[in-house]
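What follows are several structures.
Heads up, the next two complexes both have subunit A, just with different partners, subunit B and then subunit C.
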Partner chain A sequence: MRRKTLVVGVVLALGISACSSGGDKDTKTGTAEFNAADSKIVNASDKKGGTLNLALSDDWDSIDPGNTYYAFSWNFARLYGRSLTMFKPAPGKDGLELVPDLATGLGTVSDGGKTVTYKLRPNVRYEDGTVVTAKDVKNAVARTYARDVLPNGPSYFVELLDAPGYQGPYKNPDLNAFTGVQTPDDSTVVFKLKAPFGDFDFLVSAPQTMPVPQAKDTGAKYQEHPLSTGSYKVDSYEPGKQFVLSRNPNWDTSDPNRRQLVDKIDVKLKTSAEDIDNRLLAGSLDADVAGSGVQAAAQSKILSDPKLKANADNTFTGRLWFFVMDEKVAPFDNIECRKAVQYATDKVSLQTAYGGPIAGGDIATTMLPPTIVGYQKFDLYATPDNKGDVTKAKAALTACGKPDGFSTSILLRADRPKEVAAGEALQQALSKVNIKAEIKSVPAGQYFTRFAGAPEYMKTNNIGIAFHGWQADWPTGFGFLQQLVDGRTIKAQGNTNVQEMDDPAINALFDKAAGSTDAKEREAIYGQIDKAAMERASVVPFLYGKGLLYRNPAMTNVFIDYSYGMYNYTLLGKQ
Partner chain B sequence: MGGFLVRRFLGAIMLLVITSIVTFAIFFVVPRMAGQTVDQLAAQYVGKDPSPAEIEATKEKLGLDRPLVVQYGQFVKGVVAGREFTFGATREYCPPPCFGYSFKTQRPVWPDLVDRIGVTASLALGASVLWLVAGVAIGVLSALRKGTFFDRAAMFTALAGVSLPIFFTGLLSLALFRPSGVNYVPFTDNPLEWADNLLLPWVTLAFLYAALYARLTRAGMLETMGEDFIRTARAKGLTEPVVVTRHALRATLTPILTVFGLDIGLLLGGAVLTESTYSLPGIGRYAIDAINNNDLPQVLGVTMIAALFIVLANLTVDILYAVADPRVRL
Partner chain C sequence: MVTTAIEGRSLGQIAWTRLRRDRLALGGAVVIVVLVLAAVLAPLLTKITGGSPTDFHQDLVDPTFSKPKGDGVFAGFSWDHPLGVEPRSGRDVFSRILYGAQISLLIGFLATLLSVTLGTVLGVVAGYMGGWVDTLISRTMDVFLAFPLLLFALALAGVIPDKAFGLSGNALRIAVLVFIIGFFNWPYVGRIIRGQTLSLREREFVDASRSLGARGFHVVFRELLPNLVAPVLVYATLMIPTNILFEAALSFLGVGIRPPTPSWGKMLADAVPFYSVAPMYMVVPGLAIFLTVMAFNLLGDGLRDALDPRAR
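Right after this comes the complex of A and B.
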């Protein structure tokens, strides 16, 4: 995933037991302190009333659940819509667990993994009181095929479901023509897949399965008032100005994944980032919806003031920062030369260049970040204090047949100052082992369409090293790694497997994971893929991305949702 | 006078037409010269990893597959007579003046613009009253006290006002006086809250402009006060306040009002930095988003609105000049 804001994980979840209306009672709670919301629910409370004041420096791509692809938007959409599944609303790693939401349970797999069936909870209603039916879920999925009308969302259903030639419900309103989803009765949704897909429960946690009744589906205009099935309904949405929600009177109060504490949720849009930070620290704002962290000025204030620091969380964003070596560009077609770069890299200097441990992140040694299902801790190219090992690097150079070093280029995005700084830090580290790396900067907007993502450009211009950043659409090893290291995803343009890694053994592991119905087995396979990819030495992960988030002390039931790397919004209240 | 008005009015319309053609050309021709294809343009509105079929469908939906002349013709037709648009299941009539639907948000452009004009007008008009009164008053006093401490201090402050960028003074003012931020409330909803929230942006914006006006007024006053008619007025036995206000200031104000008209026109077209700094949802911020999103209907809409305000301001100034000085009508 390339865009910073682009969705990460499908998920979310709820389920905070202690806070939810119907959940269990063992969830960890705690009081405000630095990083408290990372592992506990801060300010657990049942108090009702008040307004939740939020802000965003940007705007939604669309508030239509079927037409949005920002992480914060998927997180927020759960306030006004219920997807078939969602991530458990719980702090820490519990939040990576999938739980049913609109469905009564996770999917029942049959037909060798090519059929997945969900039963809907009875009597879930829209805000206008009408009951949700299976056909509404079918229509919600069908409309994702109309990419000319709803262009923003992901196209996973189009790629995975068995519905050849289908073009969406606007060109042909007869839903029977859509064979990818079948509805034998009003409460059963049956997905027909082209091939087994183990992570399917994760896919249906996306807002694209939030029901949309065909009679109310006005295509691109549906965003003017998406019908709510969640705890809040949309009162008004004015692009670039304000998004206001209020209590949904027909919300199913037995919903275990949401609460309805505040009376109103008010999101001010296009508020400047500095203004947002000032308002947060002044207490007139409760949280920044984007969840990407405060700016540098506010960061200094927060970290130097113990009272402010107690209301902040330094959390993983789910993003990995790394650089790659193109296995098809000499001398990186020789694994020993790749290992030389692995050992020569001073990850501490890269971390400093990228913003330090708070705003940048923790030093990475694996491709999977710690908040992704399948993560295993290991370091195949360990160096003293992560500062590089010149001796090992020179030995690898000798093994590569280049004892006197070599020349190459580092490709990066010119308009990303932190990336440029990291590139210079890498250049300096490589120079210690006589690897002369010239920095080539290109515009970020076309990085993957014309430069790093175009293998021909890499070869023609002899680009050996390129910077990269990634965040998954759903937080599993498959969701994170497949577009990065499965050789079958390499394409002429828009290629994200920039190192051109094409290892049949790794590709086969992805197939094995997709065909597995055992979550534990899949998790183990993801760990194997991570190790196998790192053994090829063409990827150098250096940071598990982190951000410094600030929560208004007046907010209740606050915790970091690991699936999105930001605060969970479905349980929040005000003191 | 009638002929003059007709000429000016037709000139204003021509200017708007030329502005729209230039904007169209900048949007379509310049990127082509840099190598961008229509497919690449359309791909920006299809989401991630679009297929060729999806790009084709989007080109068709947005009308990008048609010749530029046809696209421009449709735009003009929309502005003059309205157009129909398709949104999946529904067809919508967009009444004139129809600037189309945003490529990105798929919402009609005109209502969004109208909505934002109120914010920008509130900001521009309030600030303009402040800077005109303060700038002219300071300029007059400085001229009358030329060389004194007041004059030097006022001109130093004016220099600071001109030199300090609004995103600096704005952020500083927010941090010092209103860390909880500015929340725009329409005048019709609550006039007191409207004024309370806009006071800081007004003062900050006025600080910048008042500085310019103070220096302009001071220079004008100094020049005027040396004119023969001022000496004559004094010789007639008029008191100094009367000489200053009725004779010197009146003569000085004419060029200042000309500049004022243009400044107001420019600001109504979008006070980009001020609106961004104070997070005010006005025309200026709309313009930035439109450009960032490469959203032609929005870019065209905001450009036309900005041009319209400038043209109207020019027209007003021309007419006022014509009233004051009949030679202008020739």
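Right after this comes the complex of A and C.
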């Protein structure tokens, strides 16, 4: 459950064009000022025409909506596809709300939560004019079972739907063999679940439910031209070079979630992050699609110039940076020793290592970041100014039976300079209470397959502490926390519950949330899980990730989509 | 009237006289001596300036930009921190450079020693014995020369466990780096030594020694090796800077020494994201590497000129 954030080098850029007067429009929505797009729509406008010039320092894993797993890609896919539900295109916390998109309403739950039904909106057409039917949605979900053909996306449907042994539509083209989704008529999609799942509406907001007609489904080759149901259609996609979209003539204009203002969207691929910053500042680019923030050089330019700063936003990315203590590795099998580390940690020095309050983020005290449904503010291990408390740490050490400290290892990813810097900062803070920690850095690519994600490795190498970072696939407590603290998710490889927390009370809370049909109740449970997990003291959250994004003053209808932690793309226009 | 007899001068004396006249080479030698002293005395020197290479001084770092507080290029420079402080952590750059010199020089020297020893022994054996032994050793050298060393080093350094061969932690890392750099560079020395041996073994003094009944062992160690000292010395001096650069490259790529132990290559890598806001942090380790490499190269060139028999 880890939607990837594209992190290239250090941080990426979201940029600016020339110094044309950006915020002189007098509308009730926001004008261009620092952080304006975080809470309002900046430069609201109905003006049509122009080209949106975007860039990406890397490339898509795939533009096939059923085969992609980057946060920016899920955000961007909404331009050329409509999933059953989507996040409301609205600034601020409203953006965390789900609204129907291809469906006429949110799912209707029956059979004790094991059946979820969606009605399709009539007259939604593909770019070639053919009408979207329920079978196309069924095919789209069936494709996610073909992991050998489409390996990139998440596998939630495979895990949750009741379709034992199904292998995907390529081995057996008869869709009737797929029992997980049923289509009693052309406009009804019925999902059959193995067990109730409260957040199901969130799952179907993934691009994996964007309809794919079986007749046009060419498997791995479908990404050469995915059929559009959104406001834009794919003109051309050349991997490593360019991705061009233009207006979709058959787009359903009654669609409340999208607009069709610019004529063309042009994304240049594999442009260096540095180059992107420079071109944004020179005015030849509108934005960086990755949306993870500008580089250090551009950051200092923007923050020291009030004119540039007025076009920047400092927003939560939805990412949490934390480290964990393995509850199965001595001496962290004793909760008091874990508490000693909780108190000894100087979160300010970790924050500085990550780039400070703007490029790094806000100091975290809970596992759920503020932009996740279920967040509650609390701090179980408060220290003065978050700088650590040697006295309390030493008291905990004594309670643990190790008044003279102990030795352990810190595991982190060698190719992430910020993480290494944070590891060194933690090492310093721990040495103040005589905890001697040796840093062990390993390649990021195999971090969860061979190192931190392999409990056996942690134990044999006596790794007590491991760095971790997380972003949810959908912004609720369940989507964020389940893979981190549900004891039943611990596995021998690819384990993300690195601290090996297995508490029956916490596991039961997840089941309670999954079975609940009341969104408010679920929200309260997520808060309880967060607190219960923090009480075990094996997770030390230290940063709610933030990025400095730059919006071109020439772009209209700009706002931050809280669900993705970056600018929304479905309403954008050009002045 | 005193008549001074015309004394014969040994090769060593001639070389020393020549070297003394070569100002550049002497300059290089002085820099090297200073560097070695600084590296050895690092704990003392840093005591004077008061900076430990691992202590954080985040009060000296601007939290928003992660760069040292203050304006201008020399922000962060003070009497306490003569070369400024590191972005993000505020660690003292001066002491990190000194301690980094320990690592760089140690690995540079040891790796060179390893490859020169291997190269000389195998080169002499190949050149002297000839025949199938020569063929075997020469083909092995070809294989080693064709080896994608950097890729292999990256892969090997990545999979080395925590403890191995009775070593652990940084001692093991240093041993691994010395092995990788030293073991794969011997053919460069080996080929030169083999060529020299081939021409030497046909010379009259070797024939004379053989006709007097000398065996292979005596010929190699008493007749050939002393004549090979000059090229070995020159080559070793020129190899040290290459090896220092290679270590820096590996550290730059993240497979070198473990943090928080400083290394020049790692410092350069750390400086990349900050080059526009804290340029001196990149310039300082860059200059250190540049000076060291140039000093060794100048000395090596000077040695070659002084020892080259053709230039006599």
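Here, the second predicted complex is superposed on the first by the 548 of 575 C-alpha atoms of A that agree within 3 Å, B and C clash if a C-alpha of one lies under 4 Å from a C-alpha of the other, contacts with A are read in each partner's own complex, and residues count from 1 in each chain.
By definition in this document, a contact is a pair of C-beta atoms (placed from the backbone, for glycine too) under 8 Å apart; a residue touches a chain by one contact, two chains touch by 3 or more.
Remember, it's a predicted structure, so these values are computed and weren't measured experimentally.
Q: With the two structures overlaid on subunit A, would subunit B and subunit C clash, or do they fit side by side?
A: Partners fit side by side after overlay.
Q: Give one of first, second, both or neither to describe whether A:147 is in contact with subunit B, with subunit C, with both, or with none.
A: first
Q: Output check: A:494 vs subunit B and subunit C. Expected answer is one of first, second, both, neither. What do you get?
A: Once the two structures are laid over each other on A, A:494 reaches subunit B alone.
Q: Touch test for A:506: subunit B only (first), subunit C only (second), both, or neither?
A: The answer is neither, since A:506 touches no partner chain.
Q: After superposing on chain A, what angle in degrees do the C-alpha centres of subunit B and subunit C form at the C-alpha centre of subunit A, to the nearest 10?
A: About 40 degrees, rounded to the nearest 10.
Q: Is A:421 in contact with subunit B, with subunit C, with both, or with neither (first, second, both, neither)?
A: second
Q: Between subunit B and subunit C, which makes contact with more of the residues in subunit A?
A: Touched residues of subunit A are more numerous for B.
Q: For A:62 in the superposed arrangement: first (subunit B), second (subunit C), both or neither?
A: Once the two structures are laid over each other on A, A:62 reaches subunit B alone.
Q: So after superposition, what is the minimum Cα distance from subunit B to subunit C, given in Å?
A: Between subunit B and subunit C, the shortest C-alpha distance works out to 7 Å.
Q: Under the definition above, what is the set of subunit B residues touching subunit A in their complex?
A: Those residues of subunit B that touch subunit A are 40, 45-51, 54, 57-58, 60-61, 87-90, 92, 104-107, 112, 115, 171, 174-175, 179-181, 183, 276-279, 281, 285-286, 289.
Q: If you look only at subunit A, which of its residues touch subunit C in the complex?
A: Per the stated touch rule, the residues are 9-10, 295-297, 299-300, 303, 348-349, 351-353, 355-359, 414-415, 417, 420-421, 423-425, 427-428, 438-443, 461.
Q: Provide the residue numbers of subunit C that touch subunit A in the complex, in ascending order.
A: 54-56, 58, 61-67, 88-89, 158, 162, 169, 254-255, 258-260, 269-270, 273-277
Q: Tell me, which parts of subunit A touch subunit B in their complex?
A: Listed in rising order, the residues are 6, 59, 61-62, 69, 143, 146-155, 168-170, 173, 217-221, 223-224, 238-242, 268-272, 274-275, 278-279, 281-285, 449, 494.
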